[in-house]
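Okay, so subunit A shows up in both of these, paired with subunit B first and subunit C after.
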Partner chain A sequence: MSTAYQIVVCGSIVPDPLQTLEPMTSPTGPALKNEMMLPAVLDPWAGHALFEAANLAKHTPGSKVWLVALGPKAKLQQVMMTVAQKVPFELVALDGPASGFTDATETAAALADTIAAIPGLDKSKLLVFGGWESASRGAGATMQIVGERLGIVDQFQGVDQLTVNADGSLEMLERIEGGKHQVSKCAGAPALLGWATGNLPEPKNNPQVGMVNMRTVMPALQKAKPTKLAGEGLVFANVALPKQLRETLIVKDKSPDDIANEIVEWIKK
Partner chain B sequence: MDADIVCVGFGPATAGFLATLAKQLVTADGTPAIESAVMPGMPPQVLCYERADDIGLGVSGVVTKARALKASFPEIKTAGIPMAAPVGEEKVLYLLDPHGASRRSAALRCADALIRTAKFALPVENHALNLPWTPTFLRKHDGMILSMGQFMQWVGAQVQSTGTVQIWPGTPVSQALVEGKKVFGVRLLDQGVDKKGNPSDGFTPGMDIHAALTVVGDGPIGAIGQQLDEQFGLPDGKHTRDWAVGMKFVVDLPEDTKLKPGTVLHTFGYPEPEIFGFLYVHPDRVASLGIFVPSWFDSPTRTTFRYLQHWMLHPYLWRHLKDGKLRSWGAKTLGESGQHGEPHLTGDGYARIGEGSGTTNVLTGSGVDEAWATGTQLAEAVIELLKAKKPFTKQNLDETYGKRRRASWVEAEGRVAEKSRDGFQKGVATGMIGMALAGLTNGKLSLGSAPVQPWKRIPTVEDYYARRLSREEIAKVREECKAKNLSLHGALMDKVGWPAIPFDGRLLVSHQDALLMGGKVQAPHGYADHVIFRHPELCEKCGARICIEACSGQAIYPSETGVPAFDREKCVHCGACLWNCSQANPENPEHMNIAFRAGTGGLHSAEN
Partner chain C sequence: METIIVLAHTENASSLAKPVREALHAAAMLHKSLAGSKLVVGLVGDNVQAAANSIAASPVTKYFGVTGADFAQSRYATDAAAAEAICKVAQATVVVAPATSRWARVLPGVAQRLGGRADTHVTGVAAADGKISVNRWYYRQRMESTQTRTQRPWIIGIDPGSQEPCGCGAGTASVEMVAVNLADAAKRTTVVGIREPKADAQTIRPDAQLLFVTGAGWTKKQADGQTHVPEAEKLILDFLKAARASLGSSKSLVDLGGEGQAVLPFLSHLNQIGQTGATPRHAKGLSTCCHGEEPHTVGWRFIGERRAISLDPNCGWARGKADVLYVADAFKVMAKVNELLTA
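Right, the complex of A and B next:
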């Protein structure tokens, strides 16, 4: 049995993971110093979800992928120039903060309302994908609340693999403690999957995909709905980076055992 | 894939081109002002491919008069570009050597002695002479201090928001598609290959992008500019032999800093007389600072990183920098040939703009504004040709772009600067006098002679240190460094009196920490090495191996075979290895034995 899916991926931007981040207190609450100046990337967790969505759509004729992204419009635009070459999708943009210092409930509400308003959406075909976690310091609850607001009861978190069975049922490998997976099943769409890393490599840049995506990306950005997250009642008791001790050592071609031993010695010190 | 116009490289020249072009491709109601030849009914399809992983990852310490930038964006000074500041106080400083470790000529030593003797009568403080007068040609009055990364992010957003052009970062162009004398597009870099370029997992051959016009703005070391120079040659009498590598830090200044936003310091004289320095102060206690190490600094161990640390530690500067913190770091090659190295600006199906087309003005120390201006000139020409439905032939491009460029201030000032630095071929003192002469006489007078190929200027280590270290001492250093797999410059500099760098973990950090803390260097998997040793047998017998000493990221390092090894994961794509090589390429002695090809990755900082 082949089902055409409508796959909506929730994903926004985060500072490039290589950047040094510094929390600070802004007039509107906690923020990262110079966040708007830092290069940004698609949240890696959401990236995995997007690539899995595109892969599923590719192997399920008639399927379509939307990327619903809430973030500062200018930064979203910049990141789309990299992402749009990877896989086919249609962007739905919301112009608002992408900071992790936002309330997950408010963020989820904005995303869920936007998903519900996608023209032609058929909930019987709907799969909502997103990151199980977020690199944007999110509370890790956003996707679950999105699903609840959309009335999706079949939710799976920490997914590394999705298989569509012949009868249309979905079978997931969900991460559980101890580095193991549990096998979960549901009858089919609608379902929400919070992805872990999945198993797919990052797709190669494809200029033709980029050209096609750009026909929808720029209009989507131009009509991005301003979205204010008030953050009322949200209080951060404390914001700090973990204490770090940096000792740089770059050695090539060292065996895993040697590396492990060295780390153990370092920890013992 | 077909497009109307394809651009190579998103630097200031291409940004100027796209910013000018994008505004004129559609009418106010969104309908095409000009129709695409490849997509009828649509505006022209304009694509730009950029090698770096994002559009804001370029490097340049920018202080600029911003004439061309202001012409494109009249409100640029109040546009809210992060890290931008109007130019305020400008100073030129001659730095004396507080350690006696630099290699100074007899003339300079005399000058230094005179300055020290008369220091109570001269504006000397903290071992620096503040020149009482900044030459007009150097001044950037009414200009701006910018972060190249932040400016490119800002202008990229302006350009992309028009929706009429597409900029694709992380997508290097490997070659121009050439048929006879005509360029008909570009080929993108192969993906899914091993270090040597052989197909590997997920092999995806580089796609061909066909276009009526290829705009080449890939800078002084760009693969496409190099290819066109190789295939079409340079015009008679032109050559690209004058280079420098600029390395910069972006620094959080201490909280009690006395440096005001807009302050511009130019330095010369230290850490070696051939090395120039700069410090520009942005708003919010941030400064961009760095040094330029030129190809006419005849040292086979010219390490930019360590010299930059000694420069920062100079007493005049260190009093401002102590307790500062490294935010960002980067390096780039500057094509300092200017009009000496101007290539064919146009040909059938292509046009060249920006630094790779010889725009950098070495007299005024300015490049971004000039590059931008040539981009806007080409855009105006392209609009004229598109509206007239004329093809992008060499003749048509000459009559539109070439004509605009020749009539512009970029050309006029480039001619003044053309021979201004030739004196440095004879020495620093001659060079400084030559620069002053050229600047003060509008280029009518100059000193020196046209530059020779850089490889001809590189002495052996033994010759360079002849008066300071014996051959035996050098041989011992060589053995010790070989045993530890280290480059030579650190040990040699220690031997001749350079003090150790007092690492503080904040601003004075190891070279590798600068890569990680400041540059955040990355190299995506599945691409070939872009630094190639053309003839390994030449490397094996090379005694200098200046490529290792000069590498900005320590990406080129000693190996057991004698042929230097290359680690793409450390490469910042400064391109200095292209000209820091003492071996001529036997096939073309204008070039050296290292090829610098198209490649991905590099810096991940947007503040440089």
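Right, the complex of A and C next:
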């Protein structure tokens, strides 16, 4: 049995993981120093979700992928120039903060309302994808709340694999403690999957895909709805970097045997 | 007046995992510092009586339970229904729960159902002047905040390993059962099993004292101009066996595997340490052949004592991040370490 899916991926931009991040206080609460200047990328786990969605759509005729992204419009546009070349999708943009300090409930409300308003959305075909948490912001709560607001009670987090069975049921591998996976079987859509790394490599840039995507990306960015997240009821007393600098002892002149002895002694201590 | 509930699920044989005792400890300390508060426990599982009994000698004044075969499974729909029902009956205003994979999947959704808020990655809970605050991590352990909330119920997910476990002993607890009527729609998902490596192939050991991290250097050309991947594999696996260590890896090393290159076959993304991997908690960590940058360093946040072996004395990861950096050939050092450990 082949089901055409409507796959909505929630994902936004984050500072490039190689950047050093430093908190500061802004008039609206904590923020990152020079946040708008930091190079941005698509959130890595959301990226995996997008690539998995595109792969599923490719193998399930009639399926379609949307990317719902909440972030500053200008930064979204920059990142989409690259992401749009990876896989086919239709962008639905929200112009608002992509800060890690925003309240997950408010972010989820904005995303869920946007998903619900996608024209022609059929809940019986709906798969909502996203990262199991942002690989930068790391709230670990947004997707679950999006699911709740959309009335989806088949939710899976830390997903590394999705298999569509011949009878239309979905089989998921979810990360659990101790390097194990829980195997779950769900009757079918609607379902929400928060992806971990998955199994797919990042697709190579394909300019043709980029050209097709950009036809919808630019209009989507132009009509991105301004979205304000007030952080109601949440008060930050302090945000700080943990002390992490250690006095490193550099040992250069010992033989491998001496080092091994020292390490074994340390391990056994 | 706050009603603090510790929400827990049972494990096999109706036992409670260590993270539950840690959450109970955090909640008990909060209860102690919050005058007039109540401390109760909610348990979900096939059978919860034994679990309640195992923590009966605690300051908890009341136990609630949702039981039955439907609640034995780690499944969103049934777990959410059970947690929601317990919180409503207990009139909980503050929910302290261990951030196990099972609860992490469900608790933010429960907060949404109850009209409350959820905070994750919490490593500290305190109260002063009647006001509750939490310490939590942002940006994947890069920065830590202290914050308060006005919304209730406030669901607080405690990171496992961040608290002392409650030493409360066993006794006999009286559990008030809470009925949950499940619609058929709540049973569309079935847990069909757990997939794990064979016992002797399991390299991830959360309870190990030592984290052993391998970097891409293990697969690079060595002084003789050749790669020595089979030798590296043996050295690493022998060490894990002898030291009972948990195996971590840099992203670059596991990515090489994903790209189809012949590298260390026992490594997967589950071993990856760092921003897009795990941030495990171990007393000690030994890094080898690793040249990790900032995203990798994030994964070491909760490792106590740190040592590294690298041929590069200016290794950006080790300098300032490790306590000791041995400038040496990890192949030679680890061969001798294995010899000493198995002697």
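Note that in this section the second predicted complex is superposed on the first by the 240 of 269 C-alpha atoms of A that agree within 3 Å, B and C clash if a C-alpha of one lies under 4 Å from a C-alpha of the other, contacts with A are read in each partner's own complex, and residues count from 1 in each chain.
One rule holds in what follows: a residue touches a chain if its C-beta (ideal position, glycine included) is under 8 Å from a C-beta of that chain, and two chains touch if they have at least 3 such contacts.
What you see is a predicted model, and the numbers here were worked out from it, not measured in a lab.
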Which superposed partner A:Ala116 touches (first subunit B, second subunit C, both, neither): neither
Partner chain(s) touched by A:Pro201 [first = subunit B, second = subunit C, both, neither]: both
Touched partner set for A:Met211, first subunit B, second subunit C, both or neither: first
Which superposed partner A:Ala237 touches (first subunit B, second subunit C, both, neither): second
Subunit B versus subunit C as contact partner of A:Thr82, first or second or both or neither: first
Subunit B versus subunit C as contact partner of A:Lys254, first or second or both or neither: second
When both partners are placed on the shared chain, which of subunit B and subunit C touches more of subunit A: C
Contacts of A:Gln19 with subunit B and subunit C, given as first, second, both or neither: both
Shared subunit A contacts, counted only where both subunit B and subunit C touch the same residue: 18-20, 201, 246, 248, 250, 252
Footprint of subunit A on subunit C - complex, ascending: 74-77, 80, 99-102, 104-109, 111-113, 117-121, 133, 137-151, 157, 185-186, 188-197, 202-206, 209-210, 243, 258-259, 269-272, 275-276, 284, 286, 293-295, 297, 301, 305-307, 309, 313, 318-329, 332-337, 339-341
Residues of subunit A defined as touching subunit B within the complex: 16, 18-20, 34, 36-39, 74, 77-78, 81-82, 85, 201, 204-208, 210-211, 214, 218-219, 221-222, 246, 248, 250, 252
Subunit A to subunit C touching residues, read off their complex: 17-21, 23, 30, 44-45, 100-101, 103-105, 108, 133, 135-142, 144-145, 147-149, 153-158, 160, 171, 173-188, 196-197, 199, 201, 233-242, 244-252, 254, 256-257, 259-264, 266-267
Contact footprint of subunit A on subunit B as seen in their complex: 1, 45, 47, 53-57, 82-83, 150, 153, 156-157, 160-161, 163, 166-171, 188, 191-192, 202, 204, 207, 209, 327, 510, 512-513, 516-517, 520, 522, 526, 567, 570, 604-607
